[in-house]
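Both complexes below contain chain A, partnered by chain B and then by chain C.
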Partner chain A sequence: MEEPDTDPPLVVVPGADPSARQLCFEWGPAEVLVCETRFGRKGGSRTHPVPSRSPSRPQSHPIPTPIPSQSRALTGCVADAAGAAPGSSRVFVVHRDQDIYIQTLRKLFNESHGIFMGLQRSEEELAGKSRKAQLVQVSKNYRSVIRACMEDMHQAAVSTRDPALQGQYSTQVSILSAMELIWNLCEILFVEAAAAGPLLLRLLDWVRLHVCDVDSMVREVLSSESPSKHKLFWNVVDVFVLQGRMDEARHLLSKEATANPTSMTMYKILDDLMKKMPMPSLGNTQTLTELELKWQHWHEECQRFLQDGTFASNPHMESICKILLGDEDAILEKKELMTTWYHFLVTRLLYSHPTVKPMELRFYAQSSMDMFLGGESSPEPLDMILMAAFEFEMHQVIKECSIVLSNWWFVAHLTDLLDHCKLLQSHNLYFGSNMREFLLLEYASGLFSHHSLWQLGVDYFDHCPEYGRVYLELHIERIPLSTEQKALKVLRICEQRQMHEQVRSVCKIMAMKALRNNRLGSALSWSIRAKDAAFATLISDRFLKDYCERGCFSDLDLIDNLGPSMLLSDRLTFLGKYREFHRLYGEKRFPEAARLLLTLMTAHIAPCSFWMTLLTDALPLLEQKEIIFSAEQTYELMRCLEDLTAGNVDKQKFQEDDVETTKVEMLRLALARNLARVIVKEGTVEGS
Partner chain B sequence: AMEDVSAKFVSQKISRARWRPPPHAALQPPDVFATGSWDNEDNRISLWSAGDLGNVGLSGEYHGEPHLLCDIQHNGDVMDMQFLDQERIVVASSTGTVTIFRHHQNNQTLSANHRWEKAHHHVDQNTSCGGAACTGVVCNNPEIVTVGEDGRINLFRADQKDAVRTIDNADSSTLHAVTFLRTTEILTVNSIGQLKIWDLRQQRNEPSQIFSLAGDRVPLHCVDRHPNQQHIVATGGQDGMLSIWDIRQGTMPVSLLNAHEAEMWEVHFHPSNPDHLFTCSEDGSLWHWDASTNVSEKPSFLHQGGRSTTYLSHSTINQSVVSAWLSNDPTKDRMEITNLIPNQTLSVNSLDVLGSCLVYGTDAEAIYVNRQLFA
Partner chain C sequence: QVSVINTVDTSHEDMIHDAQMDYYGTRLATCSSDRSVKIFDVRNGGQILIADLRGHEGPVWQVAWAHPMYGNILASCSYDRKVIIWKEENGTWEKTYEYTGHDSSVNSVCWAPHDYGLILACGSSDGAISLLSYTGDGQWEVKKISNAHTIGCNAVSWAPAVVPGSLIEQPSGQKPNYVKRFASGGCDNLVKIWKEEDSQWKEEQKLEAHSDWVRDVAWAPSIGLPTSTIASCSQDGRVFIWTCDDASGNSWSPKLLHKFNDVVWHVSWSITANILAVSGGDNKVTLWKESVDGLWACISDVNKGQGGVSAVPEGQQNEQ
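Up next is the complex of A and B:
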């Protein structure tokens, strides 16, 4: 079990003054709300940090984006600026993942999302070697995305004229560069888990790729007219030797040799030594013991030449020979050319312990750092992270990175990869599930706090078995549904994951919006999609109310085409059927219309409140020249009318309302007349 | 092949991608396309050069990713857009506004040329009218037709300040897309599975014909008309289904083809090779439907009259042969369908085809150009 950090990093909320007012805060799923209370501070410490789960922001960089900065540029923004008057409180919104808002990094988030998804889909069944190759490839893909992003950022830094912006871009370049450096080392040590021999070759590649400070010097010398006359000539030769780039070093030396025929033999000998230097191979062509034997032999040969003073006349060559022998003082003399302690470490390994085993690295790493820094400077966070990696303290690497870096992207993806390498299985946290899931949740929550990147977050939550679902449910409800198109996308996400509650909620919001805009048709199709019977009833009532007020139906194209969705709610069924009655009536299909009208009441499809309207609709049918309602149907209509008036006696409505009374009287009269006519007619028909 | 596809991550979710029409049926491949973004705080219309022409390889293939020519801020999500001509683009906004942007090719800038504010809006008795998203736009220079969430149809002319014709409440549900059937007739699709024909010459505010899906009125999201056989119409629905309609007969689709697993956002017949059809979807796939295998078995008219055979394009054949899209026989199963994007996870919102070139844009904030569609 991991202990929480005893010393959380400070988060400065610009504009909030904890020395004047006590602050209170509330965690949200994507941000922290910080609020000034009405309590002043008496004494106590001046700084009042907001407890932070790490990469929120250690400092508040203004973020380089062309967006009008107010809302995003700062760590926190004032949510309620209206209350700036003295005595009133302000609320600050503190976002948890600062880098999410950097425009250029969106490329990193999007492209790595694809790699992440590929990794989750990848075949775990693949056997040992090919599985490892697959994982190494994934790791390389992640790194190439970091590098591509770094190049873009570099381009942006070069092309901008705004010095402040330039500074920000440069900072980002160095952060990305550090991320790639750490990732690369983790790839060698953990993902590929290179064995003794190949391990050294990988570390050499690593150093060559990342120590670029000397590149310009190398270019300058190589492109000069005669490199051997250049004042930095020997520096460049040394750089090549220190990085184990023997062929390049020999090529340069040969130029010097042709210019100096007198010392030709000396060059020949050094060249020969460099040529013969045994190197580990990637294939299985030689065993480690063979290599060690050869190396021992070569080492002794170098020793011999150094001792018999072969290079005494040329201090440059003598120092190179000493380097070849792994003389630590000689190597340390070239400190400026190595620039970092880890370069020194790798050079030292190359010339003294080429068959170093992974588990021995920690000793050499620690001593190399001590020797290189020599008590002059203390190690920086990056040094500590690399050191933790050399010590194979994976959790320490992740922890330190979480604290130092201003984003969750790095730790989330690296941890996920290491987890797929089956390296983090046994580790449990004192909170939540495992570390992989914890970090992915944090990263995805950050994505969800972004107005546009939230879609990426969904897939990350999907791959968090324990809490992903709950997080997604909480976050997805908070996505503003600005257009139907966006609502449909949100809805699709919810439907695919059987999140019924959220599906209903999205549809209800959209149906309410449509209703408010008087778009009854749209409102109805949203509630049909959510199979929300109650809401469909509500909308049907609106349609019926509109009809009663205006005497005609709106949105006929919809009501005439309800199809099977008509069965969603009783009221909707009634609406559809009632409209059908009107169509039949319009088409002068009176007997069918009459039958339908009666069924609407006798089968209790129509709500009671609507019966009076239906009976009134029967009036013109009763008044037709030909007889439409049969005797039996007329009796039923009469019963409906009596049920209706009897039911309303208590309310005294019919007695007091003149219009209603007249209506009832008219209906009774019409029904009686129809009954009389029908009896006569039916009697005549039967009698004849 | 994958190598022919160049991609660029553009840090904005792309809602629309459109090729600029070639000048007078030129034969050279299209070189410039426009994109619109959505769901950003700051949405943009951007014009891109499809690739570096200076980098044409020995075998004629292109290298290099698309590069930005110019862009301009756009208020609201870009819901739809179309080139009016070589220089002007009509853009539909989620704010209900319709804007014509002009591309000044001499100094590579974009500017707003004309704007119809809140061409689409909700009418609320209590408050002043709020904008309603304009969901679709179609142009036939100088005419522009737009549809929206407000169920309204607008007819504009590029040179006139006010709408030429407005049909309020043309549809009680949301209109999702519009296209021209003939110069005076348009087709719309809506959120209750209906395809409607409107004759803009008639003063009646009613569609002249209504077609609809049977069963569960699945919303339709996109529509395109066969470029040569105007009676053949393709639509795409919320369930990812492709429907082919023959508007001369019946009120239901001729065929329903199971396609994507989620909303089909766009459907396009290839403009000069209409046996090929392209669809893209929320499920992250982009399908190429090739019905030409059916046609090839029909009698060929290629060699009639001793005319130069090379000059006859597929389109001329199609006018004389029963279309592959309407054949009801089981050979339909032999229609070749290829998913052009394996392993994509986020939505492909838009695509456009011209010549042998395809452009598409995604919610993963990337644009892709494929230059060798038929290779």
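Up next is the complex of A and C:
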């Protein structure tokens, strides 16, 4: 067993009594139940001392780490002392993923589902560059969904009056922002796999997009009447330089030059240097070697100007020149304008090593972080994630994200994308099925606890080749079938995937529900769909019982149109045929009706308990003016009657029941009369 | 991330012994030493008391929900030696059957997979296991395995329904030939597996590894693999994971999950069987997950001294 490498995440279940109680734990379909109890009370005469330990440790729900080179500790809820009631009789329903209930995230889940499905179906025949471009586009789509969600969340935060909600929304916004930051970096390094040259440009874009703390300052200065007189003027120029926004920096500087003609010479030189700075380009216009040469020359030129003391009289400009030369101290002085170590990293690279190769990033990243934080503060989780990305430790990135983020959305989708980029396959995984599938299973399982998002979960399970199907089977059974529409939805999903057991189960549940609510027709159609013969028999019996009591059938449409499903159960067949008999009778097609009636008994389709009723039904046919039953048929009927009465000889009820005996008498009489008439008729030769 | 979404105040007047969600997570059943069984509607974070069922004359140890296709049915077992089956008819909960065939406390009840019909297994301190099968029209048939465990039986758990042999769909109307099995744990330190053969229940396997009373057994749900897995926990502080690779159920091998410092009372599997929860006497619940090479990843940092439990005041909540 591996030693865990970090402390288990502790989760406090507020309100659980920390006094001498133990915790009982049960799984619900989507949540877990925790209740305070004391074990040891049951189980016979052996007494066990009840351990009086304090406090009870409620159950935690874990975020199991997908990278198990270390085992993650998953426990540990601790009871919160506040609010403990004496003799607590509370049960805590604990849920693992509340994010799915946040309304504003709904769009995120829905739209990312669409992107996910598109990716799964995308053509893999595209190779090389076009495939890469396609994957980059997918990545960008995900990011724009995150940004749209951020925007919505921001709007919600701004427009709400409830401070608690506002806090919640704001937190969500920063989480989403961090997610986009990480995803963007992953896109640059992994999906696009930018090579030396373009890599720097991408990183610059990334920094510009995400370090926005200085935006308001920039706006303020630019919109003032005379920017060069603004006290933050030089800060803004520095910001532009640090972010490699040369044109904007030069533009601002020109204002300064106009305002201060004395520094015109200095300005012109600096401006020229900034203009000439060699930058990597996205097209293939220059090779790296060419760039490096040019850059070397330019660097030396800057060096000369600095050493000549050209900028000595203007500390601002001198500092800018130093920055251009990649002087780390000079850059670090502008810490507050960069706000993050990764901004510092990119600036450093821009001015000291613009042709940095992807694999070299890790060294610069580590040293940048160390220099920037300078031992004053320690890295936060976000920093560690970004560092892992710079080190190209994809698995580490995913693992750290899994721990920090509160739901699986991010890691599931990112990992799926990376898997499509064929970046994950060489790693050997610890936790069972491959990581992509693992994360997708966790994410989709979480969706199933939501009353409507579960439908998205179905698609995700579909794309998990190893366990997706069985997970779907287990989860879909737990969807509450609160309405007929929902049941039909679930059914359709199961039928499409040939999940026959689940189909049967759903139909049976719906049939039972309908039966309890006395909706016999509905119950019957559900049991037919379930192909449940036993239940169909039960319901048919109910129908027949109803008929006996009320003299008419309910749900005639259904019974009339049973078709081949009538054969599901004998009783059902009887019900259908019996109803047919009534129809024939109603249509006055007496001979056919008679024949059917007889068949029902002789072919034993009718249950014995019903024979009396059938024979009674025969009475009106026997009493008709015209003869309907032939001699043979009449003999059959008589035999049936005798079978019936013979079989009931011991039944007290039968003998004591006057009505029954009267009926039998009437039947015998009618049969005898019919027999007499028919013998005469059949004996008479018609015409000659 | 975990958050408490609902705190149900059951108003039980004494210790709660079991709480179970129904199949869909819409209802909660609880039972207590106050002899009552309560049912709550817990949809949308609410808690509406639907029923307060009285009928037991002693502490009620466990409740179990039957599969929804049979309607709303709940079983409860108690120190008073009775097993009561409750059913919801026309919106009200009533006792539908009471079984008094045991001579001492009934400790555990467990419904069989719905594919077998409505069958309840009950384990009792009198050492016997009863199987109550619903035969229709309010009638229940009882089969009893006497002396299943000497001194007493503490837990019963059914194996998931698996049709042996072919996997093609059975023609409609025919019942597939299920091989019914369940596991039980008792005061004889054994875990036993029972199999139904020719309508009789026979002891199929005896699993020996514990050195003290077995307190709970839990048969893991099936995720389509040919292996079967059972978790057992005991007075001896050990939790074993038993696996059997072949379909005939002949060779079970135990793996020690962990040895705890105190009695382990309860084990239960998540619905997709990927996590095992273990509730121990050391006031902690730990969750465990299996890795691809068959090792069980210890999820509780017991080794690092977390065994000494101390209350964490509210202010120190871990963000994670």
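Some points to look at:
We adopt the following convention: the second predicted complex is superposed on the first by the 593 of 688 C-alpha atoms of A that agree within 3 Å, B and C clash if a C-alpha of one lies under 4 Å from a C-alpha of the other, contacts with A are read in each partner's own complex, and residues count from 1 in each chain.
Throughout what follows, a contact is a pair of C-beta atoms (placed from the backbone, for glycine too) under 8 Å apart; a residue touches a chain by one contact, two chains touch by 3 or more.
No experiment lies behind these values; they were computed from the predicted model shown.
In the superposed model, A:Lys275 makes contact with neither chain B nor chain C. By the document's definition of touching, of the two partners only chain B reaches A:Arg519; chain C does not. By the touch criterion defined above, A:Lys486 lies against chain B but remains apart from chain C after alignment on the C-alpha atoms of chain A.
By the touch criterion defined above, A:Arg639 reaches neither chain B nor chain C. Between chain B and chain C, C touches the greater number of residues of chain A.
Contacts of A:Arg219 after superposition: neither chain B nor chain C is touched.
By the document's definition of touching, of the two partners only chain C reaches A:Phe25; chain B does not.
In the superposition on chain A, A:Asn110 makes contact with chain B only, not with chain C. Residue contacts after overlaying the shared chain place A:His297 against neither chain B nor chain C.
Shared contact residues of chain A with chain B and chain C: 68, 71-72, 516. Chain contact summary for the complex, chain B toward chain A: residues 9, 11-13, 38-42, 77, 79, 94, 122-125, 130, 132-133, 135, 149-151, 169, 171-174, 191-192, 194, 210, 212, 214-217, 219, 238, 262-263, 282, 343-347, 363-366.
On the chain C side of its complex with chain A, the touching residues are 1-21, 23-26, 28, 30, 32-33, 42, 59, 61, 67-71, 79, 89-90, 104-105, 107, 114-115, 125, 151-152, 154, 169, 172-173, 187, 213, 215, 221-224, 235, 258, 262-263, 265-266, 268-272, 274-275, 277, 279-293, 295-301, 303-304, 306, 309-314, 317-318, 320. Against chain B, in their complex, chain A makes its touches with residues 66-68, 71-72, 103-104, 106-107, 110-111, 113-114, 117-118, 121, 451-452, 455-456, 459, 482-486, 488-489, 492, 496, 516-522, 525, 554-558, 561, 563-565. Interface residues of chain A facing chain C in the complex, by the touch rule stated above, are 1-4, 7-15, 18, 21-46, 48, 51, 53-64, 68, 71-82, 87, 89-98, 403-404, 406-407, 429-433, 441, 445, 449, 467, 469-471, 474-475, 477-481, 500-501, 505, 508-509, 512, 516, 531, 533, 568-569.
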